[in-house]
Structure formats: structure tokens, C-alpha cells
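Could you have a look at this structure, given as C-alpha cells, before my questions?
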Amino acid sequence: MTLHEFLYYFVMPVLSLSVIFIVIRFLKGPSIVDRVIALDLIITTGIGFIGAYAILNNKPSLLDVAMILALIAFLSTVAFSYYIQKRNNK
Amino acid sequence: MKTIILRTASTYLLPVLLLFSIFILLRGHYSPGGGFVGGLIASIAWVLHAFAKGLENTKGLIRIHPGFLMPVGLALAFLSGIAPIVAFDMPFMTGLWYPEHLPILGSLGSALFFDTGVYLVVVGVTLTIIFTITESA
Amino acid sequence: MTQQIVLYPLLLQLLLSIVLMFCWRKISWQRVISIVGGVINIAVSAWLFYHIWENGTQIVQAGNWKAPFGIIFVGDTLSATLVLLTALSGVAVSTFSSASVVAARLKFGYFPIFHFLLLGLNGAFLTGDIFNLYVWFEIIIISSFVLITLGGEKAQLEGAVKYFTLNILASMIFLTAIAVLYGLTGSLNMADLSMKVAAIENRGLVEITAILFLIAFGIKAAVFPLYFWLPDSYHTPPSAVSAIFGGLLTKVGVYALIRVFTLIFVGDLFLQNILLAMAVLTLISGGLGALVQNNLRKVFSYLIICHIGYMIAGLGLFTKLAISGTIFYLIHDIIVKTNLFMVSGLAYRIRGTNSMRALGGLYAEYPKISLLIAIPLFSLVGIPPLSGFWPKLSLISAGFTAERWWVVGAIVFASLITLIIIAKVWAAIVWKDKTDFPKRLNFRYFAKLKLVRKTQMIAPVVFLSLVSLYIGFGAEHIQQVSVRVANELMDNQQYIDAVYNNNPKLNR
Amino acid sequence: MLIAILLGFIFSLFLVFTGKVFRGKFAILSAAIPLILFIYFAQFIGRISNGEVITEMHSWVPSFGVGLGFTLDGLSLLFSLMITGVGFLVFLYTAAYLKNHKYLDRFYGYLSMFMAAMLGLVLSDNLISLFVFWELTSISSFFLIGFNNSNEASRKSAITALSITGLGGLALLVGAIFLGVVTGTYSIAEMLNSGIDIGSNSYYSIIVVLIFVAAFTKSAQFPFHFWLPGAMKAPTPVSTYLHSATMVKAGIYLLMRLTPVLGAHELWNSTLIVVGAITMVYSAVHTIFRTDLKGILAYSTISALGILVFLIGQGTTDALLAASVFIIVHALYKATLFLMTGVIDLQTGTRDTTVLRGLRKVLFPVAIAGFLAAISSAGIPPSIGFLGKELTYESTLHFEYSAILLIVLIVITKILLLYSGFVAGIRPFAGKLPERFEKVRMPSPLLWMPPLLLAVTGIVFGVFPGIIESSMIKPVVSALGKDGAEVHLQLWHGFNTILWLSVLTIVIGTILYFLIKPTARLEAGIAKLEFLSPKSISLKIWVWFTKFSDIWTNFFQNGYLRSYVSTILVVLIALTGYSLYNTAQFNINFDKFSKVTIYEAVISLIMLVAIFYTVFTRSRLAAVASMGVIGYAICLLFVFYSAPDLAMTQFSIDTLTVILFVLVLYKLPKYLRLSDYKTRIKDGVLSLAVGAIITVLVLEVLAEPVNGEVSDFYANNAYLLAHGKNVVNVILVDFRGADTMIEISVLSIAAIGVFGLLKLRLKKSDQR
Amino acid sequence: MEVILAILIGVLYAAGIYMILRRSLVKLILGIIILGNGANLLIFLLGRIVKGSPPIIPGDSEVFESIYADPVPQALILTAIVISFGLQSFAIILIKRAYKVVKTDDLDEMNAIDKDS
Amino acid sequence: MTDLIVGILAFFGTIFIFLAAVGLLRMPDTYLRISVTTKAATLGIGLLLVAAAVYFKDLSITTRVMAILLFILLTAPVSAHLIGRTSYFSGIRLWKGSVMDDLEGKYQRISGVLKSETDDTPEDNIVHDKDK
Amino acid sequence: MKNRFLSNILLTFIWVALTGDFTFANYLFGFVLNFLMLRMITSGSGNAKYFRILPKVIGFVFFFLVELIKANLQVAYEVMTPHYNMSPGIVKIPLDAKSNLEITLLANLISLTPGTLSLDVSDDKKVLYVHSMYINSREEFIKSIKNGFEKRILEILR
């Protein structure tokens, strides 16, 4: 099994499965916090996806996207926290 | 928000993110990135700072009103666009290039000034929007 | 110097916007800059018009990339005419705004955005690239949206939501159409598209794309049954804003329809019939709507719609004569509608309301203003020889020649109903005695304004009235322009040649 | 001639700025304008009577074939003299009638504008310029009818008059254009010379009908006549000038002018005869039921116009001769009667014929004028009215079809007109002066001289018909295409049928006069039938029409945004669906497409799930979060399909959007209100239809060949010419940099907008 | 995959439109955003998709040596995204403002059709 | 050889991400889900990115990977803290099997102040019942 | 002053590493860039002595990695087995760490380690509230944190 095949037949599918699990949690909730966590994890997994995909296609420039994701993902969590607290204070 | 952890983290994240945004801006001509994304990241850096430390602190740090960056950025882009007309009677936005290859930037040309204009505008816009809305929240 | 002349109106407006942004809180500077800039703009636009009139279609290849690779700006007679008209309306509204828009609004960027709007209009008229047109449309939407909501209260916000949503919907459809066009041809340059679309074998796809463009621009142009955003929103912002909207915004849609359906999608009978049906229904529906309104600006709003029908009818008939009628009407309508909304602003400033029931007494109190108002009002009706009359000659002749009786009928119907409506308006706001509409507290009534502000409100109305008188009495000049535009439009090879044969100094 | 026509316009413009001067005692000076013009036109009488036709051509809008071409022939000269002559008297009269009125200057302005327009109308050779002046007469009439602008009835009448004449004007315009297209010219002279037989053209009937509508509305023919009685709301000089002597004759003028072009055709003749006959009888009968002097005069005017149309319809030389004479007759006596009415109104304060009596004792000169006008109107010799009546009977009697019926109708009309003439011109002065009128004083000569002058002229012309025979009538007849016709006017024709008819007319009419007294009861009687009249039917139609407009408008413009969106989408679906159905070729080749990998499938699935969740969740925040998921999924798709720049931007913007939402949403209530079930189904169907169309469209486009010319150019030159390796970025800042320039402007505007939206608070008084 | 994407685009359009037709202003704006996403993907797909070959000229070459994705649609989408961002942010703020003034985000309560005003 | 290292790193990276996903789905309360995901995912991503760095063997790529890791290490715990704090603040209960809750009564609902000791302002304190 | 200078140098290295262009010009550019940036954003203070602590930092990194993997396996087991074996709860940990940086670093490292999550720091900065998956006894847990992460962090930072 070459690395390419390994990535193609193992890594990507498992990551895909992971995302499905996360999405299920996103849908189930029950609280908005759970959805926010799920959202955060989707992005994190997305970074993994991009890493694997960059190797798979031999395109290092895709890692730049991963970099952006890593940097910014966190902000939406911050915003949601901000929101939930504000709403609770109301 | 009243959390020391976020506040402290943001102190260190701010310079890193700003640095990163400039990095993204400068390399745009060669790799993914450019003025937009760069500007967005810079704004996000400040927004994060504002979330963590409060808007007043952030504004104090920036000193000027972020809205001021918009005309500055527009003017920069505009000037790099009309420079060819004024200087060489060439069409609007014709690329002007410094003949030598420069380190970091690669070729230096009017396109970079243009992209920097874009960067400034994006920062100005995003911050104006988010600061305004936070203030009136 | 003249190499880049096509761009000068654009660059000037952009420069003005930027300078105005730098003068953020200095509103007295802004007033001066806007008006002086507007005057310079007239000079530049007139120069552009003259240059194109003398030398034919001009192009500029932005970035010095030749067609179809870069973005091309094309100044043909139609574009130059519209740019010139924009300049004329623009300076009038600038001046009118200086007096009629409250200082608080001016402090929040009214003027920069106003000039951005003019920039967008000029850009839309001059661009030769379909995606670039989309971008210009967006700048128009966003600036008009900001202008419509600036300082807005309930009614204004309600109107704005509808305005926004339907215009965005139009943009989305436009974008979809561009995507399809790109998918089919791999090109965005309109001249290039003209050739490539003609070569596509799957005509069905071309037709659908054309329909998408028709609907997208139809919404912007406010034709039936796509116009609903207009009557719900145009009466809400300050009159100065309504003036520029009423005069120019829908016309960009008309312009786009004209451009696309004379350059890219030519000769589809189905589409022409659709256009004609839309035109007829627009004429009728707009007229009926105007008839039942009691708010002056709503009346004018519906009349905008109604009269768009004339222009669309000309486009649908698709003969040189008909197109020349469309162009003449376009020229007339821009000036007159701008003026009318300023008139409504004047009425508002005088009485503190735009309700026709509450207005009145102008005849006794302001006889000269009444007389002044008569010019745009009756020009709109097309009382000959005022400006609205002439294009109907071409349109009716063309309708007759094509034996489209219902089009002729609709044109007549719309003219008649406009006449009746304007007579009603005249009776209500000028003839009727002053009503006992309660005085508004702290309202800056016209009578209380300083002389300079009064002048700033009256002068633009006078100015545009003179222009529309010129259009009426100097119809020969306007008709020559219209005929030349029609010739250029009906022969799209001319446009294509201009785009391709014009080699810049540096040929990359 | 151009100057002559423009003089009135120039004067009215002049009045705008110097109005105050002409409001007082200098008002009378304005009468100089029509006087000068009258003299100017009078000097042409000699040349015209020698058969000369004077033309003048000024270029105006040659691109439209519209010039200011003027022709002075018999017909136009007759009208010009009437316009300026009566005009002169009316101007004089007005100076006294509206003495010290605060808007006297405006009145003169409108009046001279009207006069100029009317002159332009009758002198124009070009149909379009004729139309231009035609409309100007309507407009000046509008201003004059509404002159008492504080009075609502007056305003309404003005609008009605303008609407009806406006309708006619448009018909004229369309007719003129059609005629122009058919003949290739708008010049009437050229149409005549071109020798085209319009009568055989397939568009003949359309054109004629349009011209009829124009003429009938202007000349108040049944069923368009009702605006004219309403127009009597205008001050009396206006009624005199516009609504009896000149403007209403414009329709007659048009018919006469076009007789050589369009006449001599069955449609032409029979329509005119029928309409004219109906009008003349109908309105003549109406006069019996009126008690208001002006009302009687209005209906008798309509009737007279009916007679003219009736005569033009006959179209024979005799008939046209009769019409020409009758125009003069009518102008003279009707103007007199109106002016007289004005004097009575002014001096006694009433126009009610049931109370006006014995005024000869206080208003003697006026009584003379009224009496003379009455006999002219009655066709009693030696007035010119007699001449007119004789000619009318003669031509009718000799008409080739249904002569008997026609003669009966015209005799009835004439009898009734005699009656009404007597009621208007004699009754107020006859009998015993009631007490309430004893204090009535003689007015200024400016008020009684003009009617007297007109009335006397009518007698003079009657006694010496030679004055007008060769100088006016003959040229008119020849202008109507009856060159070389024998024209001989004389009072005494010998004892023949016509004379007996005349006697009959006079006798019965006089009996009627003594038999029927105008009473309020009679008026009330006809009022019961009012609902059948064209006026109330039109009114009802108008009300229905307005109601329909309201329903139509509110049906579409119901204020609900989603109904607007739905309508637009329905149009979109209908048009594209129709086109797809007709033209779609499903030759989609699935082999060309790339194969689906598991991760792509999963991302698509997730996107799908997120879309559904966004759509159906009831929590706003959850919707925002799941919209974020959609965005991130798209971002991953961009990564997979080689668009790192897009992925970055999409991701950053998505995040920012979420942040913005979050900052906004916490103020809002937690859950949403939903539409009802049925609406949701309907919306669902609509959206799915759009989605389906888009999908099919996409697949169809994908089946088409790709053209990579432009993108290849970018790819090949990005580094070599534009010094960049990231082609997307090079496009953004160089190849298509203009887009980007605008785009950052868009962003700036949005930011300014947000700033203003949230920070700007207007004071209540500043809103809007 | 193109077929799946085409369907996905259709669903995005449908969803966007469905949400625009809802009563809530918030949903309406979400709808506009989703519609925008649909349009972007449409441009992307119609420019034809290529896997794993970003239009970035590799390190030391001056032109592309292997296939690359069409950069034009990408540039167009980028422009469209950024413009939409401007519009969206304005619209989102409008929700806030409208709520403050009209006291609801229910569109059915924002329909004054008074003929006098 | 490189491929093998890359493969192993990628394998573990993937597995850890998978674990985080399963954990997110399976864990009984919000706090546990946060706890599980932050760790497992961070490690997983780290490994995958290192795999990429090894694979490309390019200094600029390696530094970029390091930068990403740095960002993640900086931001992941902060966001975990934020969202966890928010959960507690907004009244999300602990799993019924939880053994202690020292935070009980320490948060002030209105002011958002977090005290180190429970004091005598019970009406403002955030206390939630354990999940029964 | 020194602190800023060091930050500047550090950031310059990050810059050079990011751009992957190890030329003098790039160092210079990075230095100037960071100088400007720091000048713009510097507001608070906080001293750190970079050189002294560098070896400790490296040692700490390894310690942390080991902890990370260990804990991850624990979590993996928990996640993959059908029954829950955990005894979670929130524990109040008194802090020796005083400065914001110390507290933050500690809290973050705790969060990064599987099974534990720093929920919040009290406003008086005296205690840290930590959620943990496995709490056998409160005291033991507190001790493990204080002797593990806190001690090492304080060593590095003080």
C-alpha cells in the first residue's frame, strides 16, 4: 500500500466519518454550547482534512489555508461565548 | 469578557496575528493570500483584542479611528491606479514594476501598493463595522 | 491627455468620494467640494461627449490589457450621453442636497456616498465587461441602500428592507447569468461575448441566459411584474436621495437591458415579445398605481414605473426608430424625474408633508415656484413641445410600422393617464387652497430658510427645468443623438470593432 | 407669421416677470396684442381673396420631419381673424370684467398663450406642429377653466376638460403619426400633392377614427360633449373666447382642413353626419331644460358645433359653404351672448333665466346686443344668421341620401336653437323690471361695447353679405378643395322650399318661446334622467376604473415582501421553464465528469444536512451556526477543487459574518414566528422549482465545450508580464484590478452605512 | 461529482429562496447569504472544476507545466464574496436597527402601504 | 522511509481526530465533550500537520506547520476555557455521575464576577441542580 | 525595554521562519516590521528573561508532550469502551501563580491535557476552577496539578 493509497483509503474516509459524527452532535445539540463545540471541531477536523489533502495532491500551498483556519476558528467560539453570556445577562 | 485567560492570551495573539496578516498581504502575489485575507486577519486580531479587553482599550491602542483607514487605503489604491496615467500616459491601473528583483517581496510594483490599499480598506471597514456595533450593543 | 478620457468621469467621482471621506465632519467643506466637483464633472463629461461625438467610440483598456483579457471601458455615444446626463442631474442634486439634507445626515457621510453612487452610475454606463458591470451595480446598490437608510425611521427601514432584498435578488440572478455566460464562452468582455454567444449552437441555453438577464435587469429597471420594491421605498428617503434614485437608478437597469439586448442577445423573437408584453403591462400598471396614490412622491414613484414602459417598448420593438425613441425618452426622463423629486422635496420643505390632501396653496403663496414646477410636471406629461412629447413620435411610429397595436394603445393609455394624474397633482398642490395641516414643531420650513439655502433648493430645479426645456425645444439635437445611438446599437459590429481595433501604444 | 404666432407666447412670458404692472389700470394695454395681430392678418385679406396661398417654413426638428410650416389660406385666415378679432374684444372686456383681480396678469398670460396656440393651430401646415399647438390650447384652457382655483368644482371641471381633450389630443397625435407614416410626410400640403389615395389604404379607417376622436372631443360632439358645460365654471371671457368662438372650433377646423385629404369617403361622411346630427339635436333639446344662462349657451354651442360637423359630413360644396358661413355666424352671435351674460352676471349677480326680467331698462345697450344676437341665432333676416340657416337648409335638402330625415332633424335643431337664442338674448331684457334689479347700473363701456360691436357686425354682414363673400367665404371654400365653386351670398332667395322651412322654423320657435318658460322644475326633470347621460356614464366608468386601479395596485403592491419575491420567482420559473421545456437538449455526458470520492460525498452530505437544518430550525442562533457549517463545507470544497484563495476568504468572511450575527442577535427574542402550513408548502414548491431549474441549467452548461482563451492568457502571462505567480491574486490586483478598486469602495460604503445606521439619530423634526 | 455539485447548488438556491420567503428578517438575510453561496458555487462549477491544482505557478517555473484550475472564476467569486460581505454586514446591522425601531424582525409587520405617507 | 513515517504520523493523527469525534458524540455532558475534543483533536491535527511537514521536507513548509501548531496550542485551550465557562454561566448542568462541583455558588449572575469563596449573596449566585 | 527588545527579536525569527527567506534583508525587514508593530501595540508590561529559561522551556515541552499522549490514551480508552469509568467534577485549585501570564499558561496547559479543562479563574486570581474527568480525591488532584504544571511553569517564568 502506498502512502497515497493509505491516505486515500484510510485517512480521508476516517476523517469523513469523524465529521459525520461531529455533525450529528451538531444537530443533536442539545444546547447551543454543544453546537458551538461541534462547529469548532468541524473546523479543526477541516484543518486535518486540508493537511491530508495537501499531502495527497502534493500541493503545499494548501497548507496556507489550514493556517488561516487555525488562526481564525477560535474567534467564532469567542463570539458565541460572548453572545451566550450577553443573552444570559439580559 | 471578564476572563483573565482570554485577556492574557489576546495580548500575545495580537502581535502574532498582525504579523501574520502582513505576511499574508505581502506574499499574495506569489502564494494564496493578498490584501483581502491579510486585512481580514488583521481585523480579526483587533476584534479578538476588543472582545477580550473591551473596546475602549482596543481603541486606545489603535489611537486613530479605524474608519480613517478607509480613505487612506482607497487613496493608496487610487494613486497606484492613476500613477501610470499621470506619469506615463498609460491606461489606468497599468502595472508599473521596479526592474530589480527585491528580497521578500519579489518584484516590487504598483500592484503591491494597490494590494496594501486593499488591506487598509478591509481593516478599516471591518473594524468600523464591528466596533460600531459593539459600541451600540 | 485624451487617451484616457473615457475614465476621467470615473476617476473624478472616485477622487471626490475619497476627498469627501477625508473631510468627514467638515460638512461645509463637503458642500462646496460636492458642488464644485459636480461642476467640474459636467465639464469633463461634456468634454467626453464632445470627444466621442467627434471621434466615435473610444475605449480604455484598464491595466493596459487588451480585449478580451482586461477590463475594457467603452465610451460610445449612448454611454457618453448618459454620463453627461448623470453629471447634470448630479450637480443639481448636490446643490439641492446642500440645502435640503439635514446637517446630521451630512455628518454621516452623505456626500461621499452620494458621489460613490454617481461613480457607480458612470461606471455602469462606461464598462465594457459584464462582470465589471455587476460590480458597478453592487456599488450602486450599496450606496443607494445606505442613502435610503441613513437616519432612517420606521417607514424608511421597511422600504429599505424591500429595496434591499429585491435588488439583491436581482444581483443574484445577474450573477447566475454571468456564470452561465462564462461557462458557455469563457469570456466576460461584452464585445467578445457578442461574437461568442452568436456562435453557440445550443440556442436554448442562450435564450435562458437572456431570460435571466432580462429578469435581473428588469427588476432594476422596475418593469412589470418586477417593480414592487420601487413604490415601497422611493418615497421614504430625503427628497434629494429620491431625486437621484428617481432620475437615474432605474435607468441603469434600462441601460443594461438596452446594452445586453442590442449587443449580446440579438434577434430572439420570444424575448422581444416578452419585452413588449412587459412594457405594455408596465405602462398600464404604473399608470393605474399612480392614479390611486395620495402621496406626491408615491405618485411620482409609480410614474417612474409607468414611463419605464415606454423605453422597454422601444427596445422590444427593436427597430432603429423605436430604439431612438427609447434613447430620447431615456434622456428626457432622467432630467425630468430628477427634477420632479426635487420638486416634491421643495413642496415638502414648504408645507412639511408630501400628502396631496395636506398640500396646497402654492399658487397663492409661491406663484413663481408654481410656474417653475409646471415645467417638469408638464414635460413629464409630454405636453408638446416639452421634452416628453418627442420620443412618443418615434415610438408610436415604430409601433405602427410593426403593427403592434396594443403597444401603441398602451403608450396612449399611459400618456393619457399621466396627463390626468399630473392635472390632479397640479390641482392638489398648486391650485387648492392651503390646508389646515398642522404646523410641525421645529420643522425648518422653506420660508424660514436662509436665502442661500433657498437658492440652493430653487437653483437646481431651475437648472434642470432649463435643461428639459432645451430637450423639448432643441429636440433636433437630442434626436440626432438618439438616432446616432440607435444606429450604433443596431449595428453591434461597430462596438466590437471599436473594442478590438483600438490598439494602445503598448501592445502586450 | 412665426413672430405673429409667438407674440402671444412672448407676451405671456413677459407677464411672468412684469405681471404686477398689468394687474391694474394698464391691463387694457394687453389688448394691443390681439389688435396688432388682427390688423396684421387683415392685411392679407386682399391677397388671399385673389387666390394666393401664403406659406412660410421654419425648420425645427427635421429629424422627425417636423417643421414650423405655416400656411395662410382662406380657411386659416378666417380663423385667424376670428381668433384675433374676438380676442381683441375679449381682452378689452376682461380688463373691466376682472378689474383689479389679484391674478389678472396671469389671466392675460393664459389668454394670450391660448391665442398664440390657437393661431399656431390654424396656421400650421405640419400635422405635428398642429398637434403641438392643439395641446397648448388644451393646456391653456385647463389653466383658464381652473382660474378660480379655490373652487373645487372649478378644479374638477378643469381636470375633466383636460382629460377629454387630452384623450382627443392623443388620438390626433396617433392619427397624425399614422397618417405621416402612410404618406411619408406630416405636411398637409405635401399629402395633397403626393397624390396618394389614402382612402384606399388599409389603415384609412383607423386614421379616420382617430382624427374623429380628436375632433369630437375638442368640438364637444356627443358623447364627449359633457366637458363643455362643465368648462363654464371659467370666467365668462374664457367661455366667450375659448368655449364658443375659437377653441371648440379647432375640431371643426381639423375636420375642414383634412376634408381634402380624408374626405369623400363613406366612413367619413356618414360618421360625421350621424354624430353631428345626434349632437345637434341632443344638445338643442337640452337647452330647454336649463335655467342658467351659461348652461343654455353651452348646450346651444354644442348644438351649433353639431350642425357644423353635420355639414362637414355632407361634404358637398354647398354644405362646406354653409359651414363656413355658419362659423362666422356662430362666432358673432355666441360671443355676443356670452359677453352679454357676463355683463348681466356682473351687474345683477345672477344668471338665472327664471328671475332675470326687464333689464333693458337698466342695461339698454346690452339689451340691443342681446336682441341682435338672438335674431342672428334664430336666423331671422336681416341677420347673417338667416343666411347661414338658408345655406344649411339648402345643402341638406339637396343631400343625396336620406335628405328628408336630415332636413327634419336640422329643422328641429334650428327651432330649438331659436328658442334658446331668444331665452338667452331676449328674455332677460323683456317684461317688467323686478324690484331687486332696479339698482343695477350701467357698466363701463369696455363691458358693453364689445358685445354690441359683435352683434352689429352680425347684422352688417347680413345686410351686406358681399363684404365677406369674396374676401372670406370663397377662399375658405377653395381651401377646402372646392376650387372654382360658385359662391354667391344673398339674403333673398325667392319663394322656395327653403324659405318655407325658414318660416316654419321661426314660427314654431317663437311659439315655443312663449309657451315654454325655463323653470327649475324642468331642470329638475331632466336631472332625473341624468344617470343615462354620457357624463354620468363616463363618471361611473371612471369610478369603476379607479376602483379597478386600486384593486390591481394593491393586489400586486400588498406590502408583503414575500409576495413580491414570489411574483418575481413565478415569472422567472415560468419564463425559464418555458424556454427549457422548448429547447433543452439533454445530451449530458456523465463520463466527462470527475468521479466522486468519499470525502467529497461526505462534505456534500454535510452541507446538505446543514442547509436543511438552517432552513428548518426555529432558533435563530442555531440557524446562524449551521450557516457557518455550510460556509465551512464550501470552504473545504474550495480547497479540494484548487482554490486556496477562495477557501481562505470564504472562511474568514464566514467567521466574520457569524460574529456580526452573534453581536446582533442577542437583542432579539429567542424564537421565530412561523408562517402557516399552506404558505410553507407553496413557498417550498416555488423554491424547489427554482432549484431544479438551476440544477438542470448547470448540467446543460457543463455539457457545452469549454473555451479557455482568456484564462490561458492569464496563466501564461501572470508571471512574465504581471510579475506574480498566484494567478488569482494577479487577476485581482492587475488583470481585473478595476473590479477590486470598486469592490473596496463597496466595502467602505457599507462601513459608512453601518456607522450611520447605528450612530445617527435624527431629531423628530429632521426625519425624512 | 459535478452532478452532485449541481444538485447541491440547486438545493442552495432553493434553500436561500425558501428562507427569503420566511417571515423573519434574520432568516431572510440568512437566505440571502445562502443564495450567495449558491451563486458562488455555481460560478465555480461552471468555470469547470479541477482537483488539487491551484492556479499558482510552481516555485521556480515561469508558466504552468501541468494542468491548473481556471483562475478567472476564482477571482470573480472572490470579488463576489467580498462584495456580499459588505452587503451582508450592512443587512445584519439593519436587523438590529429595524428591531430597535419596529420592535420586531417579523416582516409581516413591516408592510405599511398607506397611500398618504 | 519518509512515506512510512508520514503514514504512521497520519495514522495516529487521524485516529485521534476520530476519537475526538466519537467522544464528542458519546460524552454525556457538555463539559466532558469540551474536555475530550480539545485534547484529542489538537493532538490529532498536530500529528497530521507534522506528517505534512515531514512529507514536503521544505523549510518554509515546516515553519508554516510550526506556526499552525503554535496557533492551535495558543487558541484551543483558550476557546475551551471560554466555552466551558460560558456553559456553566448559562446554566448547563453537569453529568449526573459527576462527583463534585466547586463552582457552585461562585458566579454572580448579574455582575459576572467569579468569587473564590461562596459568600452571602445567594440570590445572585449561579447554582444548578445536578442532572437527576 | 529589554522585554520589548526580546519580543522584537523573537517575532523577527517567527517572521523569517514564516517567509522561509533566510536572508539578511529579510531579517532586517522583519525586525523593522516588528519594531513598528510592537511600538504600535505595546501598552502593558510583563518581564521575561528569554535566555535563562530556554533549556527549561525545552524540557517542559517534552514533559508536556508525554502528558499529552498519556492523557490522550486515557481519553481514547474512555471514549471507545462502552461504559463510562469516569468520575468527573469541578475542582477549585488554589493558585501560587500570580501574574496573568503565569495563570494563563497554567490554565491553558491544563486545558490542553486530556481529561482536564480550566473553566475559569476567580476575579481575585486566587483560585482556578478545573473540570476533570477523573477525580479520585480532591486533594490528590490538586496536588498533581500544583506539583506538575504549576511548579514547572513558575520555574520557567520566574
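Which chain is which? They are A, B, C, D, E, F and G, in the order written, and residues in each are numbered from 1.
As a working rule, a residue touches a chain if its C-beta (ideal position, glycine included) is under 8 Å from a C-beta of that chain, and two chains touch if they have at least 3 such contacts.
What you see is a predicted model; the values in this text were computed from it and never measured.
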| item | value |
| --- | --- |
| Smallest number of contact steps required from subunit C to reach subunit D | 1 |
| Intersection of contact partners for subunit C and subunit F | B |
| Touching both subunit B and subunit E (chains) | A, C, D |
| Selected interface, A-B versus C-E, where C-beta contact pairs are more numerous | C-E |
| Taking each chain's C-alpha mean as its centre, the one farthest from subunit F | D |
| Far-end chain from subunit E, centres as C-alpha averages | D |
| Intercentroid distance (Cα basis), subunit E paired with subunit A, Å | 21 |
| Rounded Å distance, subunit B centre to subunit C centre (Cα mean) | 36 |
| Rounded Å distance between subunit A and subunit F, as computed from the means of their C-alpha atoms | 13 |
| Distance from subunit G to subunit D - Cα centre to Cα centre, in angstrom | 85 |
| Residues of subunit G engaged with two or more neighbouring chains | 14, 18-19, 21, 107-108, 118, 120-121, 123 |
| Junction residues of subunit D, two or more chains touched | 557, 559, 561, 565, 597, 601, 640, 642, 644-645, 647-649, 652-653, 655-656, 659-660, 663-667, 694, 701-702, 706, 708, 710-711, 714, 721, 725-726, 728, 732, 734-741, 743, 745-755, 757-759 |
| Shared-contact residues (touching 2 or more other chains) in subunit E | 16, 20, 28, 42, 46, 48, 51-54, 56, 72, 78-79, 82-83, 86-87, 89-90, 93-94, 96-97, 107, 110-113 |
| Set of all touching chain pairs, with the criterion as stated earlier | A-B, A-D, A-E, A-F, B-C, B-D, B-E, B-F, B-G, C-D, C-E, D-E, F-G |
| Touch list for subunit D against partner subunit E, complex | 554, 557-562, 565-566, 569, 590, 593-597, 600-601, 604, 607-608, 611-612, 614-615, 620, 623-624, 627, 630-631, 634, 637-638, 640-646, 649-650, 653, 656-657, 660-661, 664-665, 667-668, 672-675, 683-684, 686-688, 690-692, 694-695, 698-699, 701-702, 706, 708, 710-711, 714-716, 718-720, 725-728, 731-732, 735-736, 739-740, 743, 746-747, 749-751, 753-754, 757-758 |
| Residues of subunit C touching subunit E in the complex | 131, 134-135, 138, 141-142, 145-146, 149, 152-155, 157-158, 160-161, 164-165, 168-169, 172, 175-176, 178-180, 182-183, 186, 188, 232, 235, 292-295, 298, 355-357 |
| Sites on subunit B touched by subunit A in the complex | 1, 6, 17, 20, 24, 31-33, 37, 41, 44, 47-48, 51-52, 137 |
| Subunit B - residues contacting subunit D, complex | 28-37, 40-41, 43-44, 47, 67, 70-71, 73-74, 77-78, 81, 92-93, 95, 97, 106-107, 109, 111, 114-115, 117-118, 121-122, 124-126, 128-130, 132-137 |
| Subunit B - residues contacting subunit G, complex | 2-5, 7-9, 11, 14-16, 18-20, 22-23, 27, 57, 60-61, 103-104 |
